[in-house]
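For reference, chains read A, B and C in written order, and residue numbers begin at 1 within each chain.
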Amino acid sequence: MSNTASWTLASLAAMVDARLVGNPDQLVRGLATLQEANAEQLSFLANSQYRKYLADTHAAAVLLTEADAEGFKGNALVVANPYLMYARLSHLFDPKPKPSAGVHPTAVIADDAVVDPTASIAAGVVVEAGAHIGPNVTLGAQCFVGARCVIGAGGWLAARVTLYHDVTIGERVVIQSGAVIGSEGFGFAAEQGRWQKIAQIGGVRIGDDVEIGANTTIDRGALSDTRIGDGVKLDNQIQIAHNVQIGDHTAMAACVGISGSTRIGKHCTIAGGVGMVGHIEICDNVFVSGMTMVTRSITEPGAYSSGTAMQPAADWKKSAARIRQLDTMAKRVQQLEKQLLIVTQGTQGSSES
Amino acid sequence: MSNTASWTLASLAAMVDARLVGNPDQLVRGLATLQEANAEQLSFLANSQYRKYLADTHAAAVLLTEADAEGFKGNALVVANPYLMYARLSHLFDPKPKPSAGVHPTAVIADDAVVDPTASIAAGVVVEAGAHIGPNVTLGAQCFVGARCVIGAGGWLAARVTLYHDVTIGERVVIQSGAVIGSEGFGFAAEQGRWQKIAQIGGVRIGDDVEIGANTTIDRGALSDTRIGDGVKLDNQIQIAHNVQIGDHTAMAACVGISGSTRIGKHCTIAGGVGMVGHIEICDNVFVSGMTMVTRSITEPGAYSSGTAMQPAADWKKSAARIRQLDTMAKRVQQLEKQLLIVTQGTQGSSES
Amino acid sequence: MSNTASWTLASLAAMVDARLVGNPDQLVRGLATLQEANAEQLSFLANSQYRKYLADTHAAAVLLTEADAEGFKGNALVVANPYLMYARLSHLFDPKPKPSAGVHPTAVIADDAVVDPTASIAAGVVVEAGAHIGPNVTLGAQCFVGARCVIGAGGWLAARVTLYHDVTIGERVVIQSGAVIGSEGFGFAAEQGRWQKIAQIGGVRIGDDVEIGANTTIDRGALSDTRIGDGVKLDNQIQIAHNVQIGDHTAMAACVGISGSTRIGKHCTIAGGVGMVGHIEICDNVFVSGMTMVTRSITEPGAYSSGTAMQPAADWKKSAARIRQLDTMAKRVQQLEKQLLIVTQGTQGSSES
């Protein structure tokens, strides 16, 4: 890390509206966990599980709640939500290089593309005809921006991102390396055992404040646009098929796959490895747990799961074999109930209700 | 969309051999669904589920069957298979840029590589020694084509595709952005708890009319070639390990993983998220449903599945706990049957067969 | 294949310390399986399943054990571990191009980056400020190496690899095309239904002799570094989230996803498609079978699994339906046991213990 920014505790307190306990002139040059922080690093206590590390921390200061501050002898920034305030302050200490405005001489920009003078276009970037790159946008090295794409103000694309033609992106959108937006979806019509390609003539429309993870893929629409709402956060290696719509502020962890034309509501949380079939609808405020296979629409908010729990492999083999016998077993239980009813009625009458 | 191609309904009818009902001079400038089409867009009715939208569509004309055409008052192109004819006409309205022939000055082409003069090589492309780029091939920006690769006539590679050395590709093959073909497979020999790399000296051989999705990876063979048959369609983020063989006209949806040396037959359909272990064989005409774990060879055509159905999380927790107890429960049922037999034989004789 | 290296059997025997049976002057120009080898190719017998092909092989010579050599009439290299010796010799026949040292004129290297004169930097590579490229490192075409990265001696990066800033890589590390190391992990704090980004200020630290597969992603740490131990082998399309730690000599097959802050021990083997939740610990010497969902820490070495076995789809539908009824069925079995106890006690006394 080369970051050498330093801040007084008083200035940090002002930024997050904290009650400062201790030395306002204490200098802070970094962020770290309670266990790892040194005497010039700020830390935070957001999870009661880590409270045990508070007393012995070497941190310059700690972001914590009123309750946790009680009895703490070090410097403290007392706030209602330490995790959120840590999120806010974290950007002060980010060692991510901040490129200067301008177009690198090795970039290839189409004559009729519009690049805002405040944008930063790195080495090897290709921008095609009719594209618009907004103010304060950063295009990392070797990005490809297809014809007629629009990237709104403040966008940040890491190195090696692909936008096919006709991808429209809102403001302050972050796209990690290797992501591909606007690829041609999986559209084929069967003709006598062969697959005939269907041209994918829609685009992709992405809202404001979206984040898209490394090597995530979002296909363009077959006819109308694939749509990603405002504030949506997509982790790495997610696959979004053509015509999918994702509602505002929904978050998906890594390795999720959403099949074509499925619509997902707002404020949903989809854990890692989940798969959804196509042409279904998920309502707002749904949580789906890791590696669940979603095979039907969800119309009620709440938590949903599938799969089986991990076992030692020897036990698992027995369970897996029994699952295949389940239908037979269910019928045997039914038969037992019938027989027992005969027995009890025959020998004890109807004494059991 | 910048596409402004327009066609008369009569000319479209001729292309798909349709019976034209209505105005042959009607101009068509695009394609859309029944609900979204405007007065200059062609639509289609291929799924009876959408028949309800037919009466009120604003489409310039609709591709439909004789049966659906009955009573329809708008312009119609009557065909036996509307979906297939939509597929065929869709390419007329594709806004995908069509690059002109020639090599961009920033491309780096090895002296002894052969590039057909009708091929189009975009900015930043690298083509290494001994490669052959066939007629009418398009290499998108920043593609890498390794030594001795062969790309057959009419191939279309999006931006940022990697072909390692010794990858041979048939005619009319489409490869989406971020795909990697010919990477070194996962071959290691164990030596006292450490892994020794095995050189991957085979190549990859891909047939005609194949499509390979965004960020899909296909490893080169360890000794002989990994092989993808004619007409195979692979969606995004699929992983094909070394030595795999995929039969002609098999299609795989996104996020499928095929382990090393597995052979898949012809005309199979593998749904999203399926995983297959290595060294197995799948016969022709097999359908595997989404997220199935294929742990053994399949020798009979048909449909196969694994996994559990989604439930509300609270119910799922109970099911998952019960699955771990299944072996015990099966033994309890067996015990019940024994006991009941004693009871019934003891008290009622052998009255129940 | 253009590889024309040739070796005498005697020289190969010396390299792997083999007992040579047959003609020491036999020339070997390649490697192949027993079935496919021609008269100038070396083969090997490592798996008794393939013993049947030994007698009829056309191979120039065969690597095999003393036991298998008995009665074999062809040329043989007799060794204790044929598979390991095949691994060792395989590199002699690798057709992978060996680039010469130096920086391609189209590469863009920051003024203060240090590139060892023995390193090979291909076309279109970008190396940013403060990076160190060690001796005999190969950077394939269009790689991006971020600020302050360090790549140790002998590293080999395929085309189109991304290293974000502050990624430190040991010696002899192999990274396949499309891999992304150091991307910003999925860190967000919730604020009134919206997600606020947490800067990811840690780096990534990778040991010696690591291999990282095509399109695999490894996120940088949120605060401290994500760590990959020595000798770790990661296959294609693996996702490693922020703060994960992987112990030495652990291997993971393709499509595995590891969530944030999880720690995996040494010498583990994780099969394809496995998912692990965050913040758990896996001890040394654990094997996890394909597509298992690991939802809790593992503290005992051994094999672990989850999931259900594949069935024909019609049978599977019944099993899946029965699984949802399992809790009810378990209660019915319990009820049967109670009732039967009443029956047997009532009619037969306590004759059954």
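One rule holds in what follows: a contact is a pair of C-beta atoms (placed from the backbone, for glycine too) under 8 Å apart; a residue touches a chain by one contact, two chains touch by 3 or more.
Small disclaimer: the values here were computed from a predicted structure and weren't measured.
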item: Superposing rotation of subunit B relative to subunit C, computed on C-alpha atoms, to nearest 5°; value: 120
item: Interface composition of copies subunit A and subunit C: same or different, split at half; value: different
item: Inter-chain centre distance, subunit A versus subunit C - centres from mean C-alpha coordinates, in Å; value: 25
item: Per-residue multi-chain contacts in subunit B, two or more chains; value: 106, 124, 142, 160, 178, 215, 237, 255, 307-309, 311, 323, 326, 329, 333, 336, 340, 343, 347
item: Residue numbers on subunit B that touch subunit C, as the complex places them; value: 106, 108, 124, 126, 128-130, 142, 144, 146-148, 160, 162, 164-166, 178, 180, 183-184, 186-191, 193-201, 203, 215, 217, 219, 223-224, 237, 239, 241, 255, 257, 259, 275, 277, 287, 289, 292-296, 302-309, 311, 315, 318-319, 322-323, 325-326, 329, 332-333, 336, 339-340, 342-343, 346-347
item: Of all residues in subunit B, those that touch subunit A in their complex; value: 1-3, 30-33, 36, 81, 83-84, 86-88, 90-91, 93-97, 104, 106, 122-124, 140-142, 158-160, 174, 176-178, 209, 211, 213-215, 231, 233, 235-237, 249, 251, 253-255, 267, 272-273, 290-291, 307-314, 316-317, 320-321, 323-324, 326-327, 329-330, 333, 336-337, 340, 343-344, 347-348, 352
